[in-house]
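There are two complexes below, and they share chain A, which is joined by chain B in the first and by chain C in the second.
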Partner chain A sequence: MSLLNTLARLEAVRSGRAEPLATVRHRHLSERPMVVVPVAAAGEEGAPLAVLLGTDRLAPRLFIVPQPLNRTQRFDFLAAFAGELLPYLESFADAVEQIEGSEKDPESGEKIPVVRELCADAPQLIVPNPGAVRHLALLGRSTRFRRTAEDADPGPYPAPPQVPLLGRWLTHLAERAQVPGSSMLLPMTGLLARHWATGQSHLEDQHLAAQLAWHHPPDGLTGAEAAERAETGRDGDGRLLHPPAGPLTDPRFDSQVLAPAITRHDAALAALRQAAPADTDRAALHVKRALERLHEALEAELLPTWRDLWQGLDLLRGLPPAAHLPERWEGDRWSYTGHRDRVAAGEPPQPRRDDAVTAARKLAQREREQARLDIQEALDDPLAMAGHRLAGEAFSGTVTEVVPEYDTSGRSPKPRPLVTLATPDRPHADPGREVHRAGGPPTAQRAEIVAAAPGEVTVRLLSGMGRKKEPEPGTVPEVGERVVFTLFELTARQSAPLPEPDDTPWTHGGPPGAGQSSPVGSEEWE
Partner chain B sequence: MNVSHPAQADPLARRLAELRGPTPQRSLDARALAALAANPGCRRRAVLDAAGVDKAAVAQQLGRPAPFGQSPFAIARGNVFEARLKDDGYAALLGPLRQLLGLPPEGGTPPTVPDLLPRATPAVRAERTREVLAAAAADLDGWTLLDHPMLRLTVAGSLAYLEPDAVVVHGGRCTVVEIKSFPVLDSVADPAKVGAAARQAAVYVLALQETAALLAGRSAAAGPYQVDEFPGSPALTVLLVCPQDFSNRPTAAAVDVRRELATTRRQLARLTRIDQLLGALPAGTTFDLAPDSTGAPARPAEELAAAVAAVPAAYSPDCLSACELGFHCRAQARCADAVEQLGRGVRGELGSIRTVGEALAAAEGTGSPVPVPIPVPAPASRERDGGADPGGPTDPGSDADPGSDADPGSDADEAAARLAYAAALRAEALGRPVR
Partner chain C sequence: MTTAMTVHQPPVLFGVPGPGAGPDGPVPPGAAADAAVAAILAETVHPVPGAPRGVVVDSPPGAGKSTLVVRAARELVAAGERLMIVAQTNSQVDDLVDRLAEKGPDLTIGRLHAADSRPAPEALRHGNVTASAKAGDLLELDVVISTAAKWQWVKDTDPWRHAIVDEAYQMRSDALLAVARLFERALFVGDPGQLDPFTVVGTEQWAGLSYDPSGSAVVTLLAHNPAIRPHRLPVSWRLPATAAPLISSAFYPYTPFRSGTGAGERRLTPGVRADGSAVDAAIDEAAEHGWALLELPARHTVRTDPQAVAAVAATVRRLLDRELSAHSEQGSTPLTAGRIAVGTAHRDQAAAVRAALAGLGVPVDPAAGPAVTVDTANRLQGREYDVTVVLHPLSGRPDATAFHLETGRLCVLASRHRHACIVVARAGIAELLDEHPSTEPVQLGVAVKFPDGWEANHAVLAHLAEHRVRL
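Moving on to the complex of A and B:
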């Protein structure tokens, strides 16, 4: 944690309120996000218990598994979940724009123009916390290999046809969530923590309600008091006043409410099976009532988190969007388009484990995106840039002197003006070090440090001033202007491209065709 | 009472019994012992654990009860998995063990599964386990499966009873088997859970090392990485048995616990220096929770709070998920305005500045007369080294007294200057007036 973040936390301790950590919003927010609160059954990883989801804050849909250990009920739940989620995910598939690009012809090696489809928008899922992301990934892992009745060999327990598709989408979204700066599947705790500091630690920030409590503490309470109430406040029965945001439920809720309700429902089902024909209607009514009770209990447990998520979205929408958001969202749109195409082409589900080539590609992509995110956040947000200034990686100041000088070594002289600025910053700036101007002319501008003393830095501009002897107007800062230079490059450096899978030697995951198709649906599941 | 009789004469044990009062001692279990490693600098936890005080009851009485609980579903799931392993003469459990331990294949010599008197008192069970272990270690040809044996470990002068899930004795060596109900998914398990299981298993290995040394009439190896060669000495690799993928089928993996073993040994060695901590306590301190006629603790909560406050804690936010007193200590840290409430790393970052008030005063330039900016940007690592004081028990008093650092002056100035600089940058970026 940088000292700036610590400082913001210290301020929040004193003010009793969340304090800003960003001046702009650094993550894309969809116009129509799908808010999802998934809950798992305690003790069994990946076993779903319920999910509350929807795009309309006034009309969430709740789906539950009445008996989390029952396979059929679990499939029914997953089918219902898919029935709600897949139409949302697929609703972005049709509106596309055509992007012109070029591709190398595999035979001649020449570049040929191609037109590719790019979906105009992409889905966005908002979940409470990183635990929910992990739970969705587990659901994806447990369902994407399921065989369905439509398969040639459906196996003993065929799943409804949309279940494996749901698994593939969830897997894709969870994978994409690992990419820095992506916005297709976002945990609310992380979103809030990126933009505001609370007067508590990172660990306590993982509790969504506690973190939100710092934003709107009730009258007369400080953020810390409100957060503690959200964490530990209990009613007369010992149940939490504010249920946890999942994916695990409060153990007291499990023992006092959920377990009896499940037992009642199981008993009603058993009674229905054994009921005499005359009593069937009554027994069915009992089952229905027991199911309704379970529904009500889980709905009451999940609704507070649902409201928290929308409140968090309100807070985030209050921030102006950062300038680079559309560029990063385009990456998410490409990712969505690519997965849409893979599903449409009938490709098999994502393998259990990536082969070496895919893993290397993914890692390279994540590193590249992290570098890009850091740079773009710094350019978009003076507070992020302040972190770099504090670390000595950037400096900002007012121009005190501009001396026009020229490089006369070539055929025609080139402008190489000296710019001196007064700065309170202390960059790690040795003479000769290359620096980059942030927020300067539209073309990138490089400079080199000529002299650095406490309070004053002199740089020589090296590029971005046009081709003439005199610099183009506006490309050289004037006396009195505020300028920012960074010691890091302002475009993420492209690493050397990885070889095509076919050209990868066997030592690195080749030869071609080595990636075995993953065994499908052979798992026992009880 | 778990304290054996000879120990009663020991002044240390007497002092610990005084602290505990007449309520029964809570013996340390492997989980509690493993958790000690999480926050070794905390004297409050060390003293309360050594005295066997029921920390959950203390927390309850102080008004900030521990939030821990286990869902009935999780317990049921664990029991179902363990029962399934034991079905049919431990068939499901033995399968993976055969592979990993080089045991006779199925159809060969069946294991001996001795009766370990599961319904007896801990002392009897431990004695029985010792006998069985001695006999099994002497039998070099056969192999023995001990189902829930009871082991003894001396911790800070008192005995702790530990119950591993299973121990396999084969060829004169034994191996700890730890059964957990979290899944191994595509050959990968949650590293945090594996780590916790390894720390817990390391405590069992330690207890087995002591038992084997005792049986051989010698002392256990001094170095944590040395393997004893006594009959029945434990292997330093334990077997973790977990459900595979989403099924109930078990899979086993060997986990090397040498590092965890070293950590646990060091922590326990520290605990035995508990007399130094006790020496610093005011006379008459007690955490007596003896109930009155209504069943609630008889002593007023304020007295208990004062007693708890007499032992300094090393609070960090991790405590909330590991210690029953976490919420109490957090409230105390907040009251004291301590910077630890924001996390362990923050204290290192702020050098010798210990309170939020001081830090903010430094940030505003009112707390320190140092001119800003100072000429050399300090490398971050230097500050960390200077500020991070683990607060070990060898330097009593440093937690409470911010002035006891070796050279607080320059350190504080440097941290203060950096804070003031950070505050100026933050104010500029947020468009607030710069001081």
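Moving on to the complex of A and C:
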């Protein structure tokens, strides 16, 4: 945790309210996000119990698995979930823009112009917490290889046709969520924690309702008191006022409400199976009622989280968007477009495991995007830059003197002016260290530290001043101007090329062979 | 920076055991080391048909790894081969070029560097060294050396028949994936006890895969080439007899090594008497026993604990003021600024120590002459000094995170010295450790590392407690 974050947390403890960590919003928010609250059965991480989802805060849809251990019911649930989610995901596929680019011709090696489609917008899923992201990834992993009745060999337990497609999309979204700065699948606790500090620990911030309680504590309560009430407050029946936001459930709800309701439903089903023909209608009515009870119980358990998620979105929408958001969202749009194309082209689902080259490529992409995110956040937000300044990795100040000097070692003299600034910051700036000007001329500007004393730093500008002897107007700061320099580079470095998977070297086991696809195992169903 | 480096004598010079050597066994250390090196060179230079394409050498701190690399390079060239060498950082590459050029004046050496950086002057002062940013300019030379990061960009060359990968345990698996196309066979040399490679993004999804891109290159190599049996260098020529047993048992419990010198062969003698201060008492303790713990009162502090930083700076100042002499098998030399290093866990701590030292008039800028090296564990890897002053990674902390507990971090900090190591720390680290047992999640398919940082920290702390001086 950075020093600035620690200070903000201390301030929140003192003020009793969440304190800002950002002056702008650093993640893209869709105008029409899909809000999803998934929960799993207790002790069965891979067994979904219910999901509450929708794009309209007044009309969430609930889907449940009445008996979470029953796989037929589980796949019926997944089919219903897919029926709600897939139309949303696919609704962004048709509106496209044409992007002109160039591509290397594989035969001649020459660059040829190409026009590529880029979807104008992309879907966005908002879930309560990182656990929900992992749960969706798990659902994706367990469904994307399911065979359906449409397959040549459907196997003994074919899944409904849209289930494997749901698995591929969930897998793609969960993978994309691993890329720093991406916004296609976002946990609300992380979103809030990026923009506001509370006076509690990171662990406590994982509780969505407790974190939100710091934002608008009721009159007369501090944030800490409101958070404690959100964590432990129960109604007259002993149910939590703010149940866990999933994928785990409240154990007391499980034992006192859920388990009896599931038992009743199981019993009603059993009775229906054994019912004499004359009693079938009555037995079916029992099943229907038991199902409705389950539905009501789970809806009541999930609705508080649903409301919390929309409240969190309201808070975030109150912040102005950061300047680099469209650029990063374009990365998400490319990712969406790419997956859309792979599905349309009939490519197989994502493999069970990445091969060596794919894993290395993904790691390189994530590291590059992390670097880019850190830089862009610092450039977009004075509070983010303040964190770097406090850490000695940047300094800001007012120019007190500019001395025009020249590098005369070459054929023609080049401008190398000395700029002295008064700064309250204490950068880790040894003489000779390269620094970069933030918010300077449009072209990047490098400088090097010439002297650093408490309260004053002198740098020599090295680039970004044009090609003439005198610097282009506006490229050298003037006396009285506020400037910011960073000790880190302001553009993310390119990643080095990696071999094609078919050229995987001997050190990494050679090319991934056909032997990697696992044989189809037999499975226990019920 | 190379002013701070000591070139190892080839182990063969120590073939005759000194009077204090060999308490650990009947084989004198020089002979044991020579046998290991001979086996490695034979396998590298004259591989038998069908032998694995890689040779792996595990080397504890200061066991003559760099000497081995230089010898292997010279013997390969003598056998008519050209080779490429991969190191991990630019300073490692520059050190290696300098050393290779000095030991092998008959070799032609290429220093491949990035377009926006210049190699260190020590690397370029030799007539047989050519520097270029383009691999194509250097293809005809006997040896071409660069960092893994630069090698990844080299293309359109025929593969070399031989490569040497230095500090291979520091190299990430994905870097090896990118450079392995450049060579047919390779000698991998490294220290398994040092810091693992790291990344700032999440990599859980690849944990347990043999080619986890964020893992160590050697781990991947061995997983895919089970026929490779790693060699070991059994003798540390750097660590004194006071340090080798502790470092060996705390960090290399299953691959023990010993020191090349015996008890009493390395000595530190002060020229100026102690002034009665705790700092001087700690220096005397370290001079006599090889270790000292300068302990400040227990307290939770910010990372750049001003009192601990001041204690580190004062210790370095007094080390210089007291005009110590270092006596060893290489003769007697005065302990100068260039032979002292300060190690910290974090960059901001290093910066704070540098500022405090500059305030006391201690030279810290290597460009202006011999200077005390102040750096983080990551950057001190592979370096060697006479005396080190270490700011304990857990000093003043309210918690013990995986970062601060990492075995390699403490191992690097505690194994850079030829004579003595002075650790500066707040009291209460043992209690802190007991309150924070390791709770890292267990990943399927990932080999559990022994010893874990918790245990290694306790082992080192228990030893240091015998050399405690309270400030």
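In this section, the second predicted complex is superposed on the first by the 500 of 526 C-alpha atoms of A that agree within 3 Å, B and C clash if a C-alpha of one lies under 4 Å from a C-alpha of the other, contacts with A are read in each partner's own complex, and residues count from 1 in each chain.
Heads up, the rule we're going with is that a residue touches a chain if its C-beta (ideal position, glycine included) is under 8 Å from a C-beta of that chain, and two chains touch if they have at least 3 such contacts.
Keep in mind that this is a model prediction, so the values were computed, not measured.
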Practice task
State whether A:432 touches chain B only (first), chain C only (second), both chains, or neither.
Solution key: second
Exercise for the section: Name the contact category of A:61: first (chain B only), second (chain C only), both, or neither. Expected result: neither
Practice task
Check whether A:353 is in contact with chain B, with chain C, with both or with neither, and answer first, second, both or neither.
Solution key: both
Practice task
Quick one: classify A:200 as touching chain B (first), chain C (second), both or neither.
Solution key: first
Exercise for the section: Go through the superposed model and pick first if A:506 touches only chain B, second if only chain C, both, or neither. Expected result: second
Exercise for the section: May I ask you to decide whether A:239 touches chain B, chain C, both, or neither, giving the answer as first, second, both or neither? Expected result: neither
Practice task
Look at A:498 in the shared chain and tell me whether it touches chain B only, chain C only, both, or neither; answer first, second, both or neither.
Solution key: second
Practice task
Considering only touches as defined above, state whether A:392 meets chain B (first), chain C (second), both or neither.
Solution key: both
Exercise for the section: Report for A:264: first if it touches chain B alone, second if chain C alone, otherwise both or neither. Expected result: neither
Handout entry: Intersection of chain A interface sets (partners chain B, chain C)
Key = 3, 353, 392, 428
Practice task
Report the residues of chain A in contact with chain B in the complex, numbered from low to high.
Solution key: 1, 3-4, 6-11, 13-14, 20, 23, 41-47, 68, 138, 141-142, 199-204, 224, 228, 231-232, 248-252, 254-255, 258-259, 352-353, 381-383, 385-386, 389-390, 392, 424, 426, 428, 454-455, 523-526
Practice task
Spell out the residues on chain B that touch chain A in their complex, using ranges where they run on.
Solution key: 64-65, 67, 69-78, 181-183, 185-186, 245-249, 317-318, 320-321, 327, 331, 334, 337, 339, 341-343, 345-346, 349-350, 356-357, 359-360, 363, 373, 375-377, 418-419, 421-426, 428-430
Practice task
Sort out for me which residues of chain A touch chain C in the complex.
Solution key: 3, 178, 180, 353-354, 356-357, 359-360, 362-364, 366-367, 370, 391-392, 428, 430-432, 496-499, 503-510
Handout entry: chain C to chain A touching residues, read off their complex
Key = 53-54, 149, 152-153, 155, 173-174, 176-178, 180-181, 199-203, 205-206, 209-214, 217, 220-221, 223-225, 302, 347-348, 351, 354, 365, 367
